[in-house]
């Protein structure tokens, strides 16, 4: 391997690839395989004026709004999960200024990134036809040039940076994903810059042995960071289950204290520990091991 | 498993799902993972007026033309491989009547199937712009509704039947592919009827254990046939290498005898043996084992 | 089984609508529970698909997913794929049923999960479409499951997140929604269908012991009424036990449908 | 190395054009051999991609592929994907070089691999585009490699399978081909570039010992000529040995570039 293809760096170094004003897309889905460590690193680096795009968004939505990092969210749904409902502070922000949350249908959102990843400025779909969503997005109606049927054209989304968390990658960025791939492949292909965090960095030979499992080719990747438990307290398929107790505590805090609850959460989990490793220490080994045990119960056939 | 989800049958039973006049798409690519056993079975069943579509077509092109099974070919390239050049009888047929071979660029062909698999009547591309291919296909130029840039719209292709050969499938048709997937997933998703032949039929539990490797879901599949060496003399990734000696002999025969050479090949390899198993017996175990040994040399990391 | 809760009544009624050998795209919560129940009881060949990319999962009792994309939603699936592909199978027409919940819906089956009040100055911002809009725009037969309350059943939704018949079948057709249609709304009080001519909701059957008046009183618009209103059969003991086991039950308990898959 | 064959001369000259750390989409045959040679000699970080879905393969000496989609083309790849995805990475702009062969090409770099003669009554039907049209429509810098013969270098191709400059840069732009451009044609006699103003082929450098007159005599149209024509350096012993080992060599021999990947 040449130096040119070794893209390993630290979270802090990778965060320098994100500039104020960028449009970011974060992989995974809701509380699954979220690039949580990288998201927290951007909060720590105090990036500003970001647009955060994610198909189903969890409570990173309100961390980014309340910290002042993001000024706009693009998604098809924002909520922590069935049990906890819609994040309260997010709601407050959006009810004050509905324009900061641009809502798409789930597939329409995905097709915007698929268009970007195909190098096309748009893609057609049957979603959003007849709905009020259509009027509040840049999507437009169009006719098929062959059948004349009515369709919706969604414009490509080409994010400045994609943040992707995977189970394994080699130093050049060839990345493999276990379980559902969500929209990560489209995100990585569409974005101008791609930051991959991985549960483990493996040798190129390990990737070669299972090349038909590689989801993201190294040539689209700009940074590779090894971050075990990099999605925690969200889940990572096959590795650890989401920490619902952590969500419960967060939801309770925010229910009680609103924006100040979010600030308190950030102080305790981002600024206080000073690093993601520090955050994991705070969580403690016992808890991390328990979450990995629970994951094994679910993926064992 | 219920009877409803057990789709196992014989090659002959599966061939009854193909009707005269159908448009077929055959998976794999050129001489790789071709559904060869199923293609020969259709010749044996004397189907007629077929349109055979395949992105890169090997000498099944002239078997289908010379036997009278196909009256039209749709592809981006027809040839046996660099070493053997363009099939001679195919050339004779097409030079007599150029309309029987509809030529697309490789990606345009693939996007027609991707459109079909997405349930969309068309997809946009930058391929074929400025070329003479554009005028000889139903593709049309269009403008992006957002950027006004010039693009090509390719119409969806929804085949009547897709023939797909895979390494493994369960009785319900959940199918897994080792190595490159070529266009098989798009073919299977787009087609009205899907016939899967598999090197081996495995238990549903084996599929479940590696669910993120499943390429084709059972609900699109209509028939599952276990056919070891089902691509032979073409290759099957990780299982056996293509039999270039067989290709040499074929090419020599056709070079010498033209259409009659093709007829002789069919008599010897299709009608004579009477079944695909009979054909494999004719090839002989020694040869099959040698081809599997050669495949292991290539896939071992 | 008089001790069934309203949500249980609704879930069990929903499960009975799903036929064997079909494919159902289910939303998380009650639609998913109804689908799992159907698969365990009368439709072993039903394929469940979930938004996060999970095809054919079987739920571990006591470990139902809280979101459609998490590990518990992927448990024992035959295929785990991308979200776009999961939806595009639907847009291609491969899904027989689309089964969703609804925050607010109107007499034409239009669903709102975006805004209560004026979208530009909303009283309440709801979570958004998620996959609901895509499901109702593509799955062949669309079914909606929701508690039957006046605040949910409104004359006209504040915002159409997921279109039903819009203002009628012609409006739906001319909007381009020509591939599929809404067919049923299942609630804790009733089973509703859609009138073919007007596209309006029609009372087809009552949950056990519920009266037509009760249903109308809990509906914020005038319901059409079928010529012959059925009464739904009460939940059987088996249905109720199985549903409860699913939610709270012993996760190490291997379901029947899983056992028989071990040999081809 | 005076014993280099014309094809070897051409292949080695082609390999030198490829820079380290880039991505090349190579056609099977000489372009692939040039790419593999570059990777083994001066560009270890070059990523080769092949039409059949193979990303980053390393060829086993003596087992070069005869088609871009077979196992030998997938050997030691880092990623094996679908054909559409392989091409769409190109359409997205991820490939630095597109490197193809040509049956017939003209003064604007337009390539014909479809018909000799009138397409409606062809004298010869050629195999077709394959991926060539897509490669020249998407890869940032397009390079063509072919033997230098008058029957190949024609004033105007009978059929444009894969567009070069069409009739000039403005024609190319207005056809919508705005993302990329043809940059070089490598032959056994010369290295040719394209004149920026007219889009016509221009003689930039000669293979060792070849004269400008020889090149023109083997070209079926008038070539533009660079102000300062270079002479290409002759193949080094290392280049020639490596190329021959690739074609005929010991397949059990592990190349340098492979050894060093064993530890991260």
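First chain written, first letter: the chains are A, B, C and D, and each begins at residue 1.
We adopt the following convention: contacts are C-beta pairs under 8 Å (C-beta built on N, C-alpha and C of every residue); 3 or more make two chains touch, one makes a residue touch a chain.
Quick caveat, the model's predicted, so the values are computed rather than measured.
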Subject >> Inter-chain centre distance, chain A versus chain B - centres from mean C-alpha coordinates, in Å >> reply: 38
Original post:
How many angstrom lie between the CA centroids of chain A and chain D, rounded to a whole number?
Top reply: 39
**OP:** Averaging only over C-alpha atoms, locate the centres of chain A and chain C and give their separation in whole Å.
**Re:** 28
Original post:
In chain A, what residues contact two or more other chains?
Top reply: 119-120, 125-126, 149, 151, 179-181, 205, 208, 212, 301
Subject >> Interface hub residues of chain D, defined as touching at least two other chains >> reply: 74, 76, 80-81, 88, 91, 138, 179
Original post:
Linking chains that touch, what shape results: line, ring, star, complete or other?
Top reply: other
**OP:** So, with touch as defined above, which chain pairs make the list?
**Re:** A-B, A-C, A-D, B-C, B-D
Original post:
In the complex of these two chains, what residues of chain B are touching chain A?
Top reply: 119-126, 138, 140, 142, 144-147, 149, 151, 153, 155, 177-181, 205, 208-209, 212-213, 301
Original post:
Can you list the chain B residues touching chain C in their complex?
Top reply: 1-2, 4-5, 8, 116-120, 170-172, 174, 189-190, 201-205, 207-208, 211-212, 214, 217-220
Original post:
So in the complex, which bits of chain C are touching chain B?
Top reply: 20-21, 23, 44-45, 47, 55-56, 74, 76-81, 88-94, 138, 179, 260-264
Original post:
Hey, which residues of chain B end up touching chain D in the complex?
Top reply: 29-32, 55-56, 75-79, 81-83, 85-86, 91, 94-95, 98, 101, 103-108, 110-111, 114, 125-133, 136, 141, 149-151, 179-183, 185-186, 235, 237-238, 241-242, 244, 295, 297-299, 301
Original post:
Tell me, which parts of chain C touch chain A in their complex?
Top reply: 28-29, 51-54, 60, 63, 66-67, 69-72, 74-76, 80-84, 87-88, 91, 114-115, 119-134, 137-138, 159-163, 166, 171-172, 175-179, 251
